[in-house]
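In what comes next, subunit A is part of two complexes: it sits with subunit B in the first one and with subunit C in the second one.
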Partner chain A sequence: MTRLQDIPWAEEIPFNGQLDKSHRRLQFPDRLNLYRVDWLRPLFKSRWPQFILRMLTLAGFVFTILAGLFGPQVGSHNFAIIFVWIAWWTALKLVFIPFGGRSWCSICPIPLAGDWLQQGGIMEPGQRRFGLNLRWPKRLRGSWMQSGAFLLIGLFSAVTLTNPQVTGWVLLAIFGLAVGMSLVFEKRAFCTSLCPIGGFSGMYAQTSPVELRIIEKDICAKHEVKSCYQACPWGLYPLAFRDSSACGLCMECLRACPSDNLALNLRPFSSDLGRQKTTSRLDETFLALVMLGSVVTFAAVFTGPWGWLKSAAFEIGSLPWVRYAFVYLALNLLLMPVIFIGAVWAGERFSVSWNSLKRAIATQAQVLLPLGLMSWIAFTVSFALPKLILILGVLNDPFGWGWSILGLNQSIQKVSISGPSMVLQVLLLMVGLFWSFSVARKLAATSAKKSQGTKLPIMAFSLVFTLLMLWLLVG
Partner chain B sequence: MRKEWLARGIVILGLALAVTVPAVGWWQQKQGIVVHAHMAETGGWDPENLTAEVGKPLHLQLTSDDVTHGFAVGQMDMPAVDVMPGEMTDVTLVFDKPGKYTFYCTRWCSVNHWRMRGTIEVTGTQTSIEPVKPPLYVTLGLDIDAEHHAGTTPSEIPAAWRGALLNRAIPDEYKSRDYYLSHAPIDLWLGLRSDPTNSDLTDQNLWDLVAWVWQSKTTPDEIQAGRELFTANCAACHGEKGAGDGVFADQLAAKTGNSNSSHTRGEQTQRPADFTDPTHMLSTSPAHLQGKIIRGGMGTGMPYWGPIFTEHQTWALVAYLWTFQFELEALP
Partner chain C sequence: MIEQNSSVKRSKRWWQWAILLAIGLVIFIVPIPAKADAPTERFFQIDARRFEYDPAILKVNPGDRVTLELVATDVVHGLAIDGYNLETTADPGKAVRLSFVADRQGTFRFQCTVTCGNMHPFMTGKLLVGENTFLWRAIALTGLVLVAGIWMERK
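On to the complex of A and B.
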């Protein structure tokens, strides 16, 4: 990875000299470029603010692993369980993704060690670099493995989410995997192709109000070096971004561009959705369906009233668990895809070739994104909101050793918020439903066929799914 | 270059903090004695055996790894403390006599809750050897496992106040504490029945007299103490109303479905004894009951309370048990 400093002949054109009337016109009229906001620009331009945030998450990550491995085995009083599965997960689902897209990736501690080894330094590239820098195998590209990783999580989630030691080991294993991959493959192989969090963060980032895009195409066309590509630790081409799913918002390209031609835009929600897809790759569709299948399963297992289901999910290796695993995998690998493909096919009026059906599937899959996002937010609200009070407890005594960092008495009383929480979940699911309807309508309007019937089976799919989620969470 | 060293310094500092803070805390915690509580099925107390010295305070930090437990030391005058999951409870114990003390769980954590016990071996200079008194049932040579039942039982619950109203003189031999401790109510009833001066009294009248004599051997304070002990320690199996129908009764009932509360020296757990059964209770003496409480049920699931209750507490429990058979209140 080459930093701007390594390119001797590229110099940064000062901000004032750059901006003249023609450039102002060419910025997106309806989008606010945060990088050009006077008081925000220095925060993004300097690497130090981001570095400090990353140090906080890294220290927190190490502390969390220690708490998981050596702290109390009672989940509700263990810093690792509460901070990973309640605090961080809630922040991820309610703040980072809906409002920032893939913003967590910007400060995630997991790839840092690998990054530093790859470039031989922390703030500046070093002489000795480590790593074989192999290209990621072409056949493994795409988000298939991320879907697989998420399915793995789903199979073992009951134990991971409740056992502090398992959480500690899982985090350690993920860290080791990320470092290992950085030493073998180039760039952020783990983040791009394996990390399940990155997988769905990127997918749902298409609904978010933040994006990183070039401002003026011609400037990039005339630029031979493509410093943005040289600077990107993910190995992406910022000048070619069409949607926000791949970009981890690390801002290196923003800093590297000699023409200040990259923008961090605030934009309306759902801006990446509604376009016809020309791709025949179905990996994102599959991930969207896995997320839907998983939220339904988790809602049933974790917040449902079926004790036998919880036991089955918990007793890994037993026959009930095998049955649970079978049903979970069948739901995600078979049932959801078949129903969805059926709905798309019905919408296309039964008269398409497989190739154009693939394109139709990839296109219609966008309808699943707001549905999935809001369902996950609603599910997170249902299980995490009443437990937020536990965060105070573990901040007070993270290891259960009788500390009193915040000076609080032990046994903090739980606050009951069941009423407002239910209302919030219903609202969130309704937003998800109508948002997915609006994406479906937008797609129907821009489609070549111009037939209104295309969207009906998909909308029916969304409706049935929402009703199912309503029943599981609230009903 | 400077930026790089500054960055590296910050990284090292952050990681060092993240590691040293818990490391220091862990080391500090190791200096004291941390006792982890688990349900008996998953390990009980860890560590189970502690040592202490006479006069030297023993500082314990108690925490539970599963459900809420409690902690108390047998035959010591200390209130029980709760041991909460994931939290630390500090307890300081001071012993003035050497010996082997038993600590135990005081919150019903599972059907095997009573097995959650550990020992504290207290060493020190012994000023005098206290002779151990054998329990009364041993002195009397009672076989507390033998079958027994009362030939006659009252038609309604005998009431001490009715017995008092009968205004009969009871022979002195029946009124002594020794008699009370070593005889069953049926013995007293048979004794009274065989006395010709009582020939005008009905069987029920005689039972009321028995209740009256039994009541004179107990005090309301003793019964209240017994009630509290029963509720905390016995009701979970024997039931709040003593009918052998407590929360854990079904789990203890023999697999053959044998639901009568007979004694056996069995290897299987039994349904807890029914204190409301007159055939059984009225043929049991207080010494017999005390023996059962102290010694336990030899595998029937009845715990042995010898190391836990003081002798005074045991007699208070016995006094309370009679309230399941007799109305012992002064006047309604």
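On to the complex of A and C.
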């Protein structure tokens, strides 16, 4: 959480100094401030459009839980499975994150009840009503717990993704946890520190072409009330934003700023990447590695031809599952980190002078983001696209009670698109690889020693990972 | 003068990108001659049990006459091969046969067509007809991206 008190460089903020380059850049023509576009502004300024969308997603969420718990227990015929793991999961990875960063968070129904309890209202937030309002423990901050939550999903994925009742219970548990945490902790502690999807979206939001930033640093610095910070349900202070990973695009700061000093910018892809990190936090690196390890595992389990692996992942508690869990955890907790740290270490050895290895690891992790995002998209193309047709089936008969709402009498057949999807997967992986090379080059160029050797082992890491994904998806 | 130089540089750069793109297209579409092994009869007995085909990877040569004998060992299972428009279903304990000529080269997924349990949508296997040239093309493309990455450095 980027609180005023938590900003390590807060003392560097000049209260009446010059605009620095990074903030001046925001006013340049490579950014389009959507909040200044006449016909878009009312959509962001008013809470109604967002509220209506959140109500719709909440209704869908409740319906999904009911369908999961009480609908047909055949995954491919159940609304919850198809809508959560095929429709929503695909939309998140193919649309929301690549083009909108954390835009899903702005309409996510899960924190709605917690917000209402905390603030005593959704349309006019700001007044705290219920809850202990404790601060989230400092040692639990960062994305460590989000990585842990994602690892848990991975461990039980074969059941969660295919068993409607489990999906229903998981959604219910997440909702209960979010509400419970909002009653104990201040702001959106669940979204910021625990939600695995928040971690996933936030990390890859750095590659997206959307950002929320201040316009004039001086205006913020002179503003004593900090109304944007007061209004933010996430507890963030926009002046401190250095990337788009934390902001949930709820737009409350835009609405609260009396000086109209905030911008919702459309920007070039990857704008947050390629800059040297000023901290040595390794939580984001770990999350990025967990995402890479998980996509490899998911691709092997769900799209590979190895039936024994599918059975092992599915039979929770059996000896094969214990072996699967051991390998999955070893891959994510040991193998991937060791190889990556080794690559960064080798890169530092290539360079003339030795930097802090921790900081180098945190910085080089940015290379993993385009690689991971495009790998997830490529995996989704083979995992979900052939099954999109099933959406019609569950819309036609959401509870499996023999309804025919859409008038579809024939059973919905799975269509094969493996031919074109394989070409698409290769292209996506190539884009991811080239993009990661590009970030590595930028990092090498911006490093103090400007040593190009630092990037070679990281490029090799990206190359080997891409070849592995190619083998899994089209081999 | 400086502006002129930078515009010449930019147009040169576009040409170089275009060349790389053209090489990529060639890698993707240029026909690769298949090995001319004499077609033979191939027979596979495939045991289908929940979420698994055994064997799950079948390798044949282009032109081979392939016969698949599907044996479901627990519940009803099906088998449909992408790209070949073939499908069959086997009741438990009963074997069904599917014959075809492997006249299309490449990698084709086959999958279960009868809902057989939670992991049914992921019960898949692979039919490899000849060399997996698509994978080799993809690997060559990866090499090209590497070259592009290194070349980008030279700018």
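Quick notes on this structure:
Please note the rule applied: the second predicted complex is superposed on the first by the 437 of 475 C-alpha atoms of A that agree within 3 Å, B and C clash if a C-alpha of one lies under 4 Å from a C-alpha of the other, contacts with A are read in each partner's own complex, and residues count from 1 in each chain.
As a convention for this text, contacts are C-beta pairs under 8 Å (C-beta built on N, C-alpha and C of every residue); 3 or more make two chains touch, one makes a residue touch a chain.
These numbers were taken from a predicted model, which means no experiment stands behind them.
Once chain A of one complex is fitted onto chain A of the other, the partner contacts of A:D397 are limited to subunit B, with no touch recorded for subunit C. When the shared chain is aligned, no partner comes close enough to touch A:G235: not subunit B, not subunit C. After overlaying the two complexes on the shared chain, residue contacts for A:M55 are found with subunit B alone; subunit C is out of touch. In the superposition on chain A, contact is made by A:S76 with both subunit B and subunit C.
Ranking subunit B and subunit C by residues of subunit A touched puts C first.
In the superposed pair of complexes, A:P209 makes contact with neither subunit B nor subunit C. In the superposed pair of complexes, A:V301 makes contact with subunit C only, with no contact to subunit B. Contact with subunit B, but none with subunit C, is seen for A:I122 once the two complexes are overlaid on the shared chain.
When the two complexes are overlaid on their common chain A, residue A:L66 makes contact with subunit B while staying clear of subunit C. Common to the subunit B and subunit C contact sets on subunit A are residues 74, 76-77. Subunit A meets subunit C in the complex at residues 74-77, 158-159, 162-163, 301-308, 310-311, 314, 387, 414, 416, 418-419, 422-423, 426, 429-430, 433-434, 437-438, 440-441, 452, 459, 463, 466-467, 470-471, 474-475.
Every residue of subunit A that touches subunit B in the complex is listed here, in rising order: 51-52, 55-56, 58-60, 62-63, 66-67, 70, 72-74, 76-78, 121-124, 126, 397-403, 410-411. Contacts from subunit C toward subunit A in the complex involve residues 28, 49-54, 56-57, 80, 82-83, 107-109, 111, 113, 115, 118-126, 132, 134-135, 137-139, 141-142, 145-146, 148-149, 152-153.
Taken together, the subunit B residues at the contact with subunit A in this complex read 1, 3-4, 6-8, 10-11, 14-15, 17-19, 21-22, 25-26, 28-29, 61, 63-66, 84-88, 90.
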